[in-house]
Amino acid sequence: MTEPYTLVGRQARPEDSEIRVGDALVGGKELAIIAGPCSVEDRDQVLQIARAVKQAGAKFLRGGAFKPRTSPYAFQGIKEDGLVLLREARAETGLKIVTEVRDVLTLEAVAAVADVIQIGARNMTNFGLLEAAGDLRTPILLKRGMSATIEELLMAAEYVASRGNLNIMLCERGIRTFERYTRNTLDLSAVPVVKKLSHLPILVDPSHGVGLWEHVPAMALAAIAAGADGLMVEVHHNPAEALSDGPQSLRPDRFAEMMLKVRALAGVLGRTLEAP
Amino acid sequence: MTEPYTLVGRQARPEDSEIRVGDALVGGKELAIIAGPCSVEDRDQVLQIARAVKQAGAKFLRGGAFKPRTSPYAFQGIKEDGLVLLREARAETGLKIVTEVRDVLTLEAVAAVADVIQIGARNMTNFGLLEAAGDLRTPILLKRGMSATIEELLMAAEYVASRGNLNIMLCERGIRTFERYTRNTLDLSAVPVVKKLSHLPILVDPSHGVGLWEHVPAMALAAIAAGADGLMVEVHHNPAEALSDGPQSLRPDRFAEMMLKVRALAGVLGRTLEAP
Amino acid sequence: MTEPYTLVGRQARPEDSEIRVGDALVGGKELAIIAGPCSVEDRDQVLQIARAVKQAGAKFLRGGAFKPRTSPYAFQGIKEDGLVLLREARAETGLKIVTEVRDVLTLEAVAAVADVIQIGARNMTNFGLLEAAGDLRTPILLKRGMSATIEELLMAAEYVASRGNLNIMLCERGIRTFERYTRNTLDLSAVPVVKKLSHLPILVDPSHGVGLWEHVPAMALAAIAAGADGLMVEVHHNPAEALSDGPQSLRPDRFAEMMLKVRALAGVLGRTLEAP
Amino acid sequence: MTEPYTLVGRQARPEDSEIRVGDALVGGKELAIIAGPCSVEDRDQVLQIARAVKQAGAKFLRGGAFKPRTSPYAFQGIKEDGLVLLREARAETGLKIVTEVRDVLTLEAVAAVADVIQIGARNMTNFGLLEAAGDLRTPILLKRGMSATIEELLMAAEYVASRGNLNIMLCERGIRTFERYTRNTLDLSAVPVVKKLSHLPILVDPSHGVGLWEHVPAMALAAIAAGADGLMVEVHHNPAEALSDGPQSLRPDRFAEMMLKVRALAGVLGRTLEAP
């Protein structure tokens, strides 16, 4: 296929895109660190974690209010209440809010709060949602589908872009393979490949990528070394009681320790990570 | 996991479910054959193919009006015009219409025409769409996602069922693997496994499963022998000029020949396939 | 790649190859049924199972004497003693012996007894072993590797053929995918694809393909319907106490029941399966 | 499974193993860099590349004399002549020789020259070869099979170890997935996982991992950041005319440039890489 990526391809824009989110930029020299709980559970939880990740140097708070779950009977998030708490966390900490949209119906509510709207792996080929997100101008964090090729990820971004929203950051979060020790297989080669094919920034989510907190720091460092523009990391102050994804969530102290290493690494690689 | 399938599991209903579509039943002794073009292109095309597949014994006409495509620049179907032509084909031939819904926004239009609403592989985890389909009572044909486990397919069905619509037929259409000769790897073991775990009917789409028309008949026969309740097959009178999926579409004469073999096989397996 | 299969390709021999094994032929009209235990355990076991599978219509007895196992500490077979018992089972029942070679060092011992030498999935790219097998004239049953493409399977056969041994039967036994309910994903599309590309017979092993005995009959029928030249099935009179692969072994009565269905199917498909 | 790795597991040896290769150690603080051509082609080629990789800081020269290839008709290496040239390259440069054994029959010849014997991905379940390698005391570089789980890789190492040879270094080289842009999917999460489960060193081969030279440096850096004990990299002075693996081979100048970055990274990570 020659030049299939009309808008998100390198040929459309030879220099890297930098996505503005308030006073932050994603895709430039400064690494973007998004951290927080899988799900927003209650005020205490989200504020406690927000303060901790901010103190460690994160500029973005992640937290799911509407959760797409495999089972209709699993915890689906606290929904609108979660958005209220995220807004409160932003007001207190100044962190930018990254939160997932579950479907077209909840897009408006999410867009009213989010600084960055996350489209998750399960929705990467939900073309109606991609188009609706393309009609907004809010930055979109688009995660690679579990069995999506890199080409398909870029084509999904092209759907968003084709409606006029070029504020897109991509995110590698692991693909499905036969390996059973890890939850997914984090495909870090997607980082240099996307960098070659597209001008869009690409982040890495090592938490979903491996599914085991103890291996998250190693993969976070690897992601940065591979050239990623930032990280999305699950942090929980009490992983054992998290309502979702506890096994892959870092405790705040471990996250802070990891951030020190990321900062040291950034220096060697020509990237920066502001001290908190 | 013990008994996770509250509504679609065998424990909820030990006998096989038979889904009524007008005067036809899917999931009983009679095999359900769905055939037709990938996309509805024009009146001539759809009527010509509809007549041919009816004559060969199909009771259901497939044909996409709204096409979810990897690229936003690929042919996306002729949309509402396609629905009109499908209605016309039904009026003339009596075939039941199976057509895909692309997103929540087009669900109402599709539901107004379709006898069976198809939710395709790319939408299997579009939970908003699954729930909206669950609010209808129209039968749903739910295709397995490209990297969905059988458990996830059943959980997607559970989403539909949990909203009150138990009129669900599942469809195996191939999964993503490393093999490159075929388009996907048709996982026929999904047939007996679904039969064990669930009371819902399961069909097989050998056209997407292998992606090469010449191997479709062999895989169609294999699907029936594995216990499938029916087939979904792409047929086009002029595959070389089809606007989508030409390489995997059977010509009507080859489809008719295949149907003779399916009928012979059905007899041995305790199934039936009415002569046209 | 154009015509890469110099010796095993269709262009080398347009008609199907029939492999002679004593008074039996594999690859002709008559289906070849290979059945027996995963491992030869003791005289009683192998003779009891041999009689049962013969009575049900199998012409070939499978049984591992040298077992390649993932762990060096797992049961590795009873080795030379197993070969003695297989010889004895042949003397009593007249069944042809199919047994696996573990490595080059045991090839001579295996070749002295086997009517068909099995090269298992783990050895499909053991090129030294393929070449040594190519120097013999004993028929070779070559199983597809767990992650081998169909092209690589045919190239492995080409290794054997290039040394002069064209007595090769291929065997699909499931590939590795993300699906976890089944042990492997049985890729039945390999059957028509191999038939198109090569003149060699292809069998299917549904036991390893699904790994669960209750789904073996469905997949055996599907394999025959897809055009396979025969089956390789694990049968054990006491699966619960089998030293290996118990969960995927059929009891003799269930195997006999399956054979009745295979015979009925064969008739419809233009194949034969002699009554026992 | 509890503690399945009797000899190579962490419980057998809580501290990291350091494998001695002459005056070098693999698995300690110092990173081990193995570089060189895919295949030894001629004296000029191997000496020229050997000098270049030594100058850039590699301590080990890779080069295949016996090449396991998918097709029996592909270039299979220059065999014994290659071993002679590798010996000559060692004599001139002092580099340690890492070269692959193709099968049991060539083990003695390879062992007579190699400082480290490579067992490649295609032979990871060639148990006869693993055992024969276990009877030696030469260090073994054991590569992960294309579809091997991490557990199976460690079990293959256990085969070698169970015969008394604990001088084993593991190597991640990419697994088979559906992604088609890269040759394989480099599973860097294998690095921290192996580190947790085993005391053996683990290296990474980014050349086979991605199959495209331009992405090799990014993945090499990522591997080191993930905690790998070293790298195995294909370098060729004239990739366009290499007899094998040209597209994934770095030119010497690019390799040298990459090594500068690896050295800088090592410092931050508490590892060392001696200046050349």
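Chains: A, B, C and D, in written order; residue numbering restarts at 1 for each.
Criterion: a contact is a pair of C-beta atoms (placed from the backbone, for glycine too) under 8 Å apart; a residue touches a chain by one contact, two chains touch by 3 or more.
This structure is a prediction, so every number in the text was calculated from the model and none was measured.
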| query | Between 0 and 180 degrees, and as a multiple of 5, what angle does the rotation take that fits chain B onto chain D by Cα atoms? | reply | 180
| said: Looking at chain pairs A-C and A-B, which one is connected by more C-beta pairs in contact? | reply: A-B
| request: Taking all residue numbers used at the chain B/chain C interface, answer same if over half belong to both copies and different if under half do. | output: same
| request: Would you mind pulling out the distance in Å between where the CA atoms of chain A average out and where those of chain C do? | output: 48
| note | When centres are defined as mean Cα positions, the distance from chain B to chain C in whole Å is 34
| note | Separation of the C-alpha centres, chain A versus chain B, in whole Å, is 35
| What residues in chain B touch two or more of the other chains? | 147, 151, 176-178, 180
| remark: Given the complex, residues on chain D that touch chain B span 147, 176-178, 180
| Taking the complex as given, what residues does chain C use to touch chain B? | 147, 149-151, 175, 177-182, 185-189, 191-193, 196, 209-210, 214-215, 218-219, 221-227, 261, 264-265, 267-269
| field | chain C partner contacts - residues on chain D that touch it in the complex | value | 4, 6, 68-73, 102-106, 122-123, 125-129, 145-147, 151-152, 155, 158-159, 162, 176
